[in-house]
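Letters A, B and C mark the chains as written, and numbering starts fresh at 1 in each.
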Amino acid sequence: MAELKQVSFPPDVLARIAPDISLHRHLSVGLRPNLRNFTEFKPVDIASNNEITDSNANVFGSSVIKSGSTTVINTITLGVVEVNRSANAATHSNNDFTTVYPVVEIARGRSGAPTDEEMILSQTLHESILHSRLIPKTALSIKNYGSAVYDAATGKYTIYYPDLNPDEFELINFNHSKSYSFVLLSHIKIFSKQVSTSSLFDLCHMSTIQALSRLALPRVYISDTSSGTKVSIRSRSSNTRGLVGVSKSNINLDSNKDLYYPLSLNGATVDGDAMVDSEGPFDASGVSSNFGIISIPEEEDRKTVLLADLEGEAEESSILSRLSIIATKDNVIKKISLVNGDSDSEITLDLLKQAIEISKIRAQQM
Amino acid sequence: MSGDLIIPGDFLPIDTDSSIKTTIGPGIYKNPQTQSILPTNAGLINIQKSKAGTNQLVYIESNSKRYTPQTNDFVIGIVTGVIGESYKVQLQDFSPAVLLSMMAFPNATKKNRPNLKIGQAVYARVSEAIPEIETELECIDPTTGKEGGFGLLDESGYIFEVNLNFARELLFNANSIFLEKLASKCKFEIAVGINGKVWIKCGEGIKIEKDRVVPEEGKPVRDNTRDLKSTLAAAGFLVKCQKLRVDQIDAELQKQFKNI
Amino acid sequence: MTSVNTSLLQKSDGSAELLLGSTKVIASVTGPIEPKARQELPNQASLEILIRPAVGLATTREKLLEDKLRSLLQSIIVRFKYPRQLIQVVVQFLISDSKRTETDLVDYTSNDLNAAINCCYYALIDAGIALKASFVSLSIAVKNGNLTVNPTVYELAQSDSHHVICFNIEKGKANKILLLESQGDIKEDELFAMISKAVEEAEKVHHEQQRKFVKEKVENDYVWKQ
């Protein structure tokens, strides 16, 4: 019978064929495979310039974030929807908040239908921004929309706003009673994905908050298209049989950057045109942090350790007990998502407390 | 202690004395890491101790519809294909196919192979069931090496499905009343597979037209429809019995055999 | 107001219908069955989880619910007992109070998730899938430090924070948290107060409801026994 020989693998090969064993060996000597400390987060760089917003007319807020090789580019564009005024807002404050509609895209060298990971990231982001009560509906509702008036003498349109040009506006025969609101569409592109899905959520959250804090909303005006032909509609519901004139009015965004105004996020103070610098963008929204819990065999006992900011295949595939927390520096937690996926590495209440504490400290440092 | 309800996560009321040898059966799982024994199904607990008190047996009697093969189970399978020297046999819809070697028949040799066609049913014994590898069946009685009742099931029988707990009752409980009751109405042959499939045939069964023997002159023409009706009624009766109390069984039997 | 009905789907291996508050959901479990080649895991069972909403087609909202449900179920099912097999769980909402078009209320998924988890428990029990322990999930709304268990969608909208918390039940005690989804403005002391109250509530649900419904199911299975 052939004798079984012991085979030894170099560390990088072992990490690929037996990620769990490789992870245990690293942890038992007090190291993580990515050489960070157990509760050390991967550093995040936030680009300070606003180039994407400045160079693209249809982008109203943007951010670029880098963590290791992972790059997250977030651009926010706008949509305008008509809102139903009769929907009474009398219910409660929770109902007075809205959220972004994100589309997360992880570059992987080919195109196709979104993967489950992308869909889950988008939806988690959508829900957590909604429930962290960050964007008041009123901040997105369009007030004082202007009207474009055609001047036959010059052959040009001039836009008048009720609050900026009250005198001229009075002269305009303006009977537009509908109310409109902006919708925030966030496009998040992730390049060179290196971190785990839960860390990716942290980055996406951070980039969305950053982009929102830089978001500048344009003025909106309405221009009546005089060229629009009158369409006859036989109305059945009303008694006014016959021709009903439908004048098509277009809703336009005023690209005059001087008239842009910042989005007032809940909790962040707005002073004049710019946010007060002493208040960071993450004060109200909080910072998202993720943890993994794994127990490692240590001599005769097992030791349970908390790892911050999971990264790499070994950590992602072998750590099933996970925790994701969005905490603000004012001791308010916006979101906790805890899954005890591994019966050997249980997340106890003490570990939860410890993780909350770390998240708060991180929020204060951001 | 037997016959009580137990659900997953409950305390398993067994003797944990290390001198007692414990045998675990269905519904009980031993965690390979901690060596702890825990109940994993909801059902009725059964604990049996040997007279000397050195052995104990524990299992949970519960109902399910999905069958997991165990060695020495008697099953009914449908032949769905041939792979090399083996037939592919389906024990339940959507379950992984099991293998029935062509050599696993009495007197089978390389030259003298059994002749099974796709769609035919066999009564067989599970000879090897290891979850990690493919399960194997055989059609030989292991003690005698003879047929022992295994093999091809006649196509004039009718195959229907029952819950696994009811199949076990029919097969293992010698005092079970259902077949006795049925015997009062008609003559039948039955094969119960523990995988929930039951094959039954009353009289000549549901014989197809071409098999019908041309009656000799002078003898009355034997009417097959009565056998067909009885077979279907018997199957219907057994299926219905799963949801009836004992005192309702007689009425159901009368109802099923009303027009026969 | 809770009602459970098991084994109602003939073609699946296990099924349950649960009415919890104003949410009604039906779950079916099929398995262990033969997986597709790409789903097969060599040493344990793979899970396929599908959630269908009460109205319309499944969207990313259901994908996220599926992901949460999967992370819970994969830890509670004894997956090493079924190597190379597939367990398929389908959850169909019949009535869901969170997706209302007539009101302008924001979408809360917590009641849906809670009902889906609890319904899956009964469906898995019905299918006879091996579970490491029982589990109970609760949907909780917190307003000024006061708890409401199984809140309505209006109570959710009034709340400061809302939580879905699922406990592992062993030997009649809620001994660990399997899943916690909390959102809103949560204060740390409120969170831990909520958890300790939820432990009591979960044990109550386990003893008063789960045992009762499972007992009924087992009695129904053996109705023909003398």
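Miscellaneous remarks
Rule of thumb we're sticking to: a residue touches a chain if its C-beta (ideal position, glycine included) is under 8 Å from a C-beta of that chain, and two chains touch if they have at least 3 such contacts.
Chain labels with UniProt names: A = Ribosomal RNA-processing protein 43.
All of these numbers come straight from a predicted model, not from anything done at the bench.
Relative to subunit A, the most remote chain by averaged C-alpha coordinates is B.
With centres taken as mean CA coordinates, the chain nearest to the overall protein centre is C. Subunit A and subunit C, compared by their mean Cα positions, are separated by 28 Å. Note: centroid distance subunit B to subunit C, computed from Cα atoms, is 34 Å.
In terms of their C-alpha centroids, the spacing between subunit A and subunit B amounts to 57 Å.
Among the residues of subunit C, those in touch with two or more other chains are 132, 168.
Of all residues in subunit B, none touches two or more other chains. Within the complex formed with subunit A, the residues of subunit C that make contact are 60-61, 63-64, 67-68, 71-72, 74-75, 103-107, 109, 132, 154, 156-159, 162, 168, 176-188, 191-192, 195. Listed in rising order, the residues of subunit C touching subunit B in the complex are 13-14, 30-34, 42-43, 78, 80-85, 125, 127-128, 130-134, 168-172, 210-211, 214-215, 217-218, 220-226. Contact residues on subunit B toward subunit C in their complex (touch as defined above): 5, 7-11, 27, 29, 32, 38, 40-44, 62-66, 68, 94-97, 131-132, 163, 165-166, 169, 177-178, 241-246, 249. Of all the residues in subunit A, the ones that touch subunit C in their complex are 84, 87, 89, 91-92, 94-95, 97, 116, 119-120, 122-124, 126-128, 130-133, 320, 331-343, 346-349, 353, 356.
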